[in-house]
Every structure is written in structure tokens, then in C-alpha cells.
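In the two complexes that follow, subunit A is the common piece, with subunit B as its partner first and subunit C second.
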Partner chain A sequence: MSATHSMPRGSHCGRTLVIATHTFTQLARMKVFYFMAIFAVIIIASNFLNLQQLQGPESAGANALGSIKSSSFSAMHLFSVVLSIVATALLLPKDVEDRTLYTILAKPVPRIDYLAGKLLGVLLLVLVALVLMDVLMTAMLQIRMSMILAQQTELATAAGYTPDAIASLRAETMANGPNASLQGAVLAVFLRASIMASMALLISTFSTSTLFTTIVSFVVYFIGHFQADARDFYLQMGQAGQGGFSRAVSLGVALVLPDFQLFNVIDAVIEGQAMPLLLLGKLALVGLYYALFFIVASWFIFAEKEF
Partner chain B sequence: MLTPPMAETLPAVEIRNLVKDFKTSFRRQPLRAVDGVSIRIQPGEVYGLIGPNGSGKSTTMKALLGLVAPTAGQCAIFGKDSLQVDSRDDVGFLPENPYFYKHLSGAETLRFYGKLCGLGGRRLTERVNELLALVDLEGARDRRLGGYSKGMLQRIGLAQALVQEPRLVILDEPTAGVDPVGSRQIRDLILKLRERGITVFLCSHLLEQVQEVCDHVGIIFQGRMIREGRLDDLIAIEDQTEIVLRDASPELISQIAALVANTPETSIVRTGKPRTTLERLFLREIREEEP
Partner chain C sequence: MKPWLKSVLLSLALLAFGAARLPYEAGLSRDLRNARLVPPHLEIDTLDRIGQTSSAVALGGLRTLVATFLNLRAYTAFAERRWRDVAKTFDVIVDLAPHTRYYWETGSWHLAYNAAGYYLNDSKLPPLRRREAWRSYIMQGRVFLERGIRNNPDDWSLLANLGFLLADPNKFPALRDTHASFTAAAAAYQKSAATGKAPAYVRRAWFYALARVEGREAEALALARTLYAEGPKNRTPTLVMLLLVLEAHENPSLDVARRAVELFGTPEKAYAALAGHWQRTRERFPVFGVSSALEALEKSLAIPKEQSILSQALPPPPSPDDWFRN
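What follows is the complex of A and B.
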């Protein structure tokens, strides 16, 4: 060992990735992926619950496929939001309490690298979980759709449908099967979870407990579902005389509190509608804006924090 | 940019008039944890900061590591301000009672901290192996830290502090809660670091331990430095001289006593057999009992 030897310090990206992969490993070793078993049970159960025989070709598989999609997305929604809030709320206070944070910040690690690494690790976990759920859902939809298509063709042929009518029926069923819009909706679920995780990170930089961070994050999450309505209502009330001020307040609220109604597009996709690429791009920009806003705000607080 | 010869002359640690106040509840006076402390540690020294619990030792160390911001005064490591991230390039830190990530094994822990310092590839692997050998944890390298004893945790903590080959190591109560055998191992490691020219800044309230390893000592009490200097100078009783004899006959002792009695202004303060410490007795006995 040389006493005067100097070691390389590494880059911001390198350190952030080290902390992110470590956070992912930490959460994975907390056995969070066990919930995948629950998801598998939910998706298989939702499939079997709808195995009633088709009464005719028109009572198409849209309902059966819709049921699989609906239960899958409900589970994805729940798991992604809970994981992103609880995991983020847990990690920072745990590191402070266990004093592992001292050993990390005593290395040449800027605090922004630590924060970004933690957030990235949680997002990596949510992403992997969503990809696994997506694969399972898509596989189940594909299998179920093939079964329905075969049944539909058989019933329609027996009922003397024209080839054009059969093709139209098949197209309708296939619109409800696995498609690109569905993958876009999964990405939207991930973007919503990213906003929640970065917001929980911000709260955990000034909160003193995991419980406080979790509760406040969920409250903000629920507010996010009706803040657009509340803003509209407030703006209408303010039209008489104080419009300028109301608009400024409204804009301020929108800049800080995410509007989760934008993500209602996921429900439309479950119902078989297509998701325009432009809309997905807009959601990605919104997600990126809030994630960056919250992480920069977290950094401002965390940089001044004393341990 | 300092040239290497100039860099060598920089003190490893320089704390100047450090003051740290902590806010308490509303309307109350802030709590002054550290009050005008100055410490200068030259490269290669082993410096012990001693004081009772709550005297400001840990706060001083945290200020030096940039974990708390000084209310007044400055801290620097090898000339770099402690509030700058690059001041941590050359320092390793072992906090009091550290709990590392329990889900990682010993080797994974060292790899994690090594990567944070920009190490990688074969160099990191070699460094991890070297450190595990240094702290005598090669046999437990793949065991998760959740299954480590307190002494093992302290040793893996010391290894992570050394991962980037720092020139300064800061140890906060390194043997707190460790049994005498583990405590001895950590002390031996500190002595090894000193042999290698690494500066060590440790704080403890176990005075005997500090006396064994440190060459400079500071005594801190209620946030103030009340005494500081070379250990030998501080503990020497200037007007007394000690002679320890082996196999001295009663006749020789009588002759020495007579000689002293005939010398004006000199007197025998105490004669008798020197005693070993309880710790040395404990270590010797368990070594004899070992198969």
C-alpha cells in the first residue's frame, strides 16, 4: 500500500450507476419480486373467470380480453405506485438511521449522485417489474386471443357469415388483443410511477420518517387526480375581476403538483382505443419535467442537510 | 495546483477555530457542540481525540468530513476545504457503530465502496482481496454482513475506509462494543497503518487504547480543547524516574535504597512488582486455552 498513491475518482454517471444498481440489488434482496407471483395469480384468475362459452360470434372476445387487460393494468398501477412510493420513502431514512449514508458521503460522492442513484435504482426496479408483468399480460392476451379467434371463426362460419363479416369480427377482436398501444400504456404506467418516486424522494429529503413520506406521497398522489378539476373550478370562479392572479396561482399549482388525469389515456387503451404517439410523447415530457423538477428540488434540500 | 513536494508539507488535517451550533427548539439558545477547536495533524501521525460522551468529538469529525457545515471556522484535509467533495479523495472514514448494508457480503461491500471511488476491473478485485487479507476476513468474504459479529463488522468497516488507499483514515470509536480480542485486532491494524505512513485520526473515550496507539493527543471537554500535545510529553511525570529490574536480589534492592537514602533531595516514591493489565492477562489466558 502506498501512502502517496492517488486513486481515480470516477465520473458522475459511473457513481450514479453504482448506487442505482446497488439500490436495485438491495430492493430485489428484500424479496420485492415475490409480488410477481401474486400478479401471475391475478392474471391467470382473471382469465379463468371469463372462460364462459361464447353464445354467438358477436358477443366477441372483447369483454374477455378487456377483463384481462383491466385486471393486469389495475395490478400494474397498484404495484408500480406502491413500489415507487414505499421503496423511495424507505431507502433514504434507512441509510441515515443505519449510518451507511456517512460511509457513502465520506467517499468522494457528490450528494446529487447519491440522490440520482437512489431514484434511478427504484425506477429500474419498477421498470423491471413492469416489463415482467407486461410480458406475462401480453402472453396471456395472445393465448386467449387465439382461442377466441378460433371460436369466433367457427361460430360465424356455422352461422353463415360472409368472409367480409368474419374478417371484420376478427379485426375487432384483434384490436383488443396485444398491440403497440398497450405497450405505450405500460410505458405511461411507468412514467406515472417515475413522477411518484421522484416526488417521494423530495419528501423524504426533509421528512423524518418513512411513514410521513409514504402518507404525504399518497395524499399528493390523490390530489393529483383532481387538481385539474379544482384548477378549472377555481379559474371559473376567478373570472370576475381577479383572473390574472388566479391564473398565476393555478399555473404555480400545476408546476408543482402533477396532474395525473393526463394518464387517464391508459383506461382508453384498455377499452381498445389506440394511443397516438404524440400523446405518448407528451406524457414522456410531462414525466421527465416532474422527475427533473423534483430531483433538483431534492438536491437543494439534501445539499444543505446535516447528518 | 500544488506540486508534490509542497503537497507533502501540507498538514493531513487542519481544523481552525471550529465552532458548531445546533438548533434546538424555538426561542431556546442554540446548543454549542464545538467551541473554537483547532487541530493540526501532520502526515504520518496517529492523533487521538479523547473526551467524554457528548463532548464534541464526533461533531468535529463530521465537520472535517463535510457531513455538517461549521457555524464558524474552517476544516481542511491535505489543504482541501472539507465542504468540497474532492477533499474526500484522500480520506477513509469508519463511523461509530456502523451498520453496513446487511444484504451484501464482505467482498461485495468492499467492491461497492471501491466502485464509488472510481475503482474497477482487476485493480478493484486485487484491492478487495488485499483488504480482506489485511483485516483477516478472507474466510467470511462471501458471507452476508447480516451474519457478521460486531468485531467483524468493525474490521470490514475499516477495510472499506481503506479501499481507495487514502492517506488519512478517520476512526470514530473504532473499538466501541468490541470484545478484547477484536479490540486488539483493530489496534494492531491501526499500528500497521502507522507503519505504512498513513495518518490516523481517531476519537475514543477508551483512554488506555488511545495511549497504546497514538503519538499525539487532544483532550476535548464540553466542546473545547482543554489540552493538546505529544502523548509522551503529556503523560510524563517530569520529576520522577522509573527503573524496572529483572531478577533483582533483595540485597541489590537494599543497596539501591541505601544509595538513594544517602542522596539529598531524592527519595523512593514506590517499590514493588509491576502489574500486567487485565486485558493482557485475558488475552494470554484465552491464548493458552486455545487448542
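What follows is the complex of A and C.
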């Protein structure tokens, strides 16, 4: 039995899930999953970015795992951000154009359910795509790591390394292979995409075109990477007791825009840093906070909108 | 509700929402920075050097991707022997990915070994220029590696690589003060071993460097005894020989020849090891008691005077005057 069937259709959740599933199908029919083929090519190509420039067992394949991770995460990052913005920007205008919106709103469907369903559909699509990419990346990392371990062990044995040294070498290589922190980084990619999608939904409720929503969302996305700088500037200038106007501007940026730098933890994980579960939980809270606020704000605008 | 009122209310809500999350985000940002999970801000200079497109990509949270592609650029520069470009590119790469050991090691290796080696052999430049360029790239490689260590103080491999560089006989003339170099090499190896992640050979390398620091022989002897006591895996010919030499330093009345036979098993093996050590002038290992032990063993093994190792010329120390003659 599907999730939508197990939920009473009259409930908020039931209605939201029906709309979400429909949105997911609608977007999947736009052949977005063709991107997976490109992703597979990217992953395979990244294997060849390994340039062994140093001698010794430690450097055998030293950069291969890093290349696979950085290329894969970049593809995930770009795909999730572009998809979450463009798909969300497309939803309302397309429903208006197809007149689906009128059919839905003519029924006793609260507008918040409609918006939540649409957003959930986009997020479901992004999640499925990320999970598929994650599986591909993890499989490729596992295969490549096994090859590197075999090569390192052979070289280290030939160089007369002791079993302890070989074990230590293997442990270091394995730390750069597939691990829990990498899955945490994938979640961080999803959280960033969720914020972008919910923000694009808010913009699309008052925007006049898909293009406007897309452009504004991308602008906000890029400026969002400087939000932390604006916030730091505001706090530091406050301590120095200077710069009234600059402080006001930086406060405005810090209050209005999301802080996307928080999600740059991905780079550190690619470099082999471990991501503590507590910090991941805190990041998830940030994502949830933004998503909830933006959806409520979207509903506030959309609730009385005339079509 | 009137549209203007809606806009005002939404703006107020946006500000209130922002004000509510600001302290939380500031705290989280601090936590992530402390945990080294958020990279430091990019320097303006770095952004200028990677260009607008790459800057946008890097600022958008894809620094490691830009670093990966710049590494390809650095490789091309290396293949074409454009050493200044190699140095500049690696400067940018490590700004983008400061915790990736590979970039620090590769960058310093290109500078201290490849670029320096290139100028050692490049006959197109006048000798003085070559000599200066050779020394300059070795120093740049060292500085680059030390910067890597400051960014990654717990990385055993970067520390060990600094030790290798400072204890490399081919680099002694460039580093000039060998006493300071061996002291720094020993400190680097010691820190590397202290991380608990370094292979066993790093501790031996620590000892080899320490044994060459004048005035710290007692410390080196204590370390040698510890390593020797740990078992056969540490009893390399160099370690055993240095243990003997340091024992001879500690106790000038020691019968070095007898002790050498004890350590190496037979008079023949002891003689071969001592002769080999006597000839290893390039590494500048101490030779306390070696000549007297050789004399004693030559006597007991009835080696003719003309075949004595002591009468043979010693290999000359590395000399840039010879390397850069033409």
C-alpha cells in the first residue's frame, strides 16, 4: 500500500502527500533523471584526475579519492541547487498555465496544503536524485579505495614496511574512503537545497514570471554565501562602536538572507575531516527553521491571492 | 488584507525571523570554525588569481573542485618546467583546500626537489644565478611545508616530510647551518611520532637526526637504547652503528671494537659495518671511537695496511662549488 493510501485523504497530510506525489511525477516526467548519466560520466572521469606526483606507498592514489569526492559533491551541489530553484520557480506558473491550479483550488484544499505538497514534491525529487548519486559515489569510492589499498600494500611490503606501518597506512586511506561523515555531507547538500526550494517558493508567490523567480533566487543564493561576513562585520563594528550606516546595511543582509556558508562543511568533509553528529543535527535544525518559515510566509502571501 | 499591509507584515516577520536566528547561526558558525569544518575566508589576492568564474564557484562552496582543477594546471606547469607558475598555483590551491595533505606535500616537493634539481642541471643560466635559484627553491619548499604544518599541526606526514627535507644531505649546503637543520629535523620527526599515527620508521628517522645534533648525544643515546630494546624491527645497521658510536661518546674508555663485535655478531661483520660508517661522510653522522675500533679490528683480522679503510680517501662532502662550476 502506498503512503498516500495509508493516509486519510481528508487530512492535511493526506492532501499534501497526494500533491507531493503528483508534483514528483510531474517533474520526473521532465526527464530530470537523465542527469544521472552525466553524473556517472563525471564520476568515472574524476578517476583520471589522479596525478601521482610523489614517490612512495603513502602517495599511491593519494589524490584519487579526493578527486572523486570533490567532483561528485560538486555535481550533487549544482544539481540540487539548480533543480530546487528551477523546479520550484516552474511549479506555480505551470499549474496556472495548465489550469491545474484552478481545479485544485476549486476543491476544499487549503492553500497551505497545496504549497506544502508542491514543496515536498520538489524536495522528494531532490532527495531521490541525491540518494542515487550518493549510491553511485559510494560504490565508486569503495571500488577505487580497494584498488588503492591493494596497490599501497604491495608497494609498502616491497619497501619493507612493518605490518603496523602498513595497517596505519591502510587506516589513513580508509578514512578518505566512504564513511558516515560523507553521508552527513550529502545531507548538508540536501538541507541547502531545501532552503533554496522553500525560498524560491516564497518568491514565486509574488513574482510575475518563472524567470524572475529563478534570477532572484540565484542572486539570493550567491549573496547568501556572504551573509556570515555581513553578520561578522555587524558584530565586530558593534564592538568597535563605529560605522552606523555600514552596520545597518550589514545587519539588513544578515537578517534577511540565509547563511549558506554554514553548509560549506562539505569541503572539509571532502578533505577528510569528520563531521560530528551534533553539528549535523544543528545544521538540520537551521534547514528546518528556514523551510518552515518560508512556507508559512509563502502561505501568507498566497492565501488570498486571486487567479 | 491590503497588499501594502501584507508586504509590511512580511518584511517585519522576515526581520524578526532573522533576529531570532542570528545568535544561533553566529554560534553555530563559530562551532563549525572551531571544529575546522568551515574553511577560513579566502584572501582577496587568491580570488584575483583564480579569476571571476572560479571565484564564484569557490565562494559558492565548491573550493575543493577548484583546487582539483588547479592541481591539473599546476601539473602542466610542472611538466613544462614553469616553476614560478607551479609555486603560484600551489599557493592558491592550498588557500582553497588548506587541510589536504597531498597539496602541501606535492607543492613543497615540486619546489624543494624538482625546481631546485632543475636549476642544478640547467646549463643555460650562469652558475651564480643557478646556485641562487637552486637555494631559493629549496627554501621556498621548506617555507611551504612549514606553512602546511601550521595549518595542519597534527599531520604526521607533513612533519615527517619536513624532517626528510632538513636531513637530506643534498640540501645541507642550501640550508647552510647544519646544526640548526638537524635540530629542526629532529623536532619535526619527534612531533610527527608524537601524533601516534606515524609509521615506525619516523621514530628511527628522529633518532638519526638527533644523533647528529652536537651537544644532545646523551638524549640520542637514550632514544637509541629505547628503540633497540623494542626489538629486531628497529635494529637497522644505521641504528646499531649509531648506538655504538654514542656509547663510545658517553664512555671514552669503552672497548669499541669488542662492543662492535657484540652488536654485529662477528669481527668480520663488525669491521664491514664500521668501514661502511666511516665512509658515510655525506650524512655527517658522528664517528666517535670508529677509527680506533677499525684499527683494532684490522689488527685482529690481519688486514694489510695498504688495504686499510683508514688509508683510503674519504668521499668529499656535498659541495655546491663543484655542482655549479660550469
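Here is the rule we use: the second predicted complex is superposed on the first by the 268 of 307 C-alpha atoms of A that agree within 3 Å, B and C clash if a C-alpha of one lies under 4 Å from a C-alpha of the other, contacts with A are read in each partner's own complex, and residues count from 1 in each chain.
The working rule: a contact is a pair of C-beta atoms (placed from the backbone, for glycine too) under 8 Å apart; a residue touches a chain by one contact, two chains touch by 3 or more.
The structure presented is a predicted model; accordingly, all values stated were derived computationally and were not measured.
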First, second, both or neither for A:T103, with subunit B first and subunit C second: first
First (subunit B), second (subunit C), both or neither touched by A:E306: first
Subunit C versus subunit B, contacts on subunit A by residue: C
Contacts of A:E172 with subunit B and subunit C, given as first, second, both or neither: second
Contacts of A:D164 with subunit B and subunit C, given as first, second, both or neither: second
Residues of subunit A that lie at the interface with subunit B and also at the interface with subunit C: 304
Subunit B partner contacts - residues on subunit A that touch it in the complex: 1-11, 14-15, 18-19, 22, 25-26, 29-30, 98-100, 102-110, 304, 306-307
Touching residues (chain side subunit C, partner subunit A) in the complex: 1, 6, 9-10, 13-15, 17-19, 21-22, 24-26, 28-29, 31-32, 35-39, 41, 56, 59-65, 67-68, 71-72, 75, 78, 97, 99-102, 105-106, 109-110, 157, 197-201, 233
Subunit A-touching residues of subunit B, taken from the complex the two chains share: 4, 8, 43-44, 62, 65-69, 85-86, 88-101, 103-104, 112-113, 115-119, 130, 157, 160-162, 164-165, 167, 170, 196-198
Partner subunit C, residues of subunit A touching it in the complex: 46, 49, 51, 53-54, 58-59, 62-63, 66-67, 69-71, 73-74, 77-78, 161-162, 164-165, 168-169, 172, 192, 221-222, 225-226, 228-229, 231, 235, 254-256, 259-273, 275-276, 279, 282-283, 286, 289, 293, 297, 300-301, 304
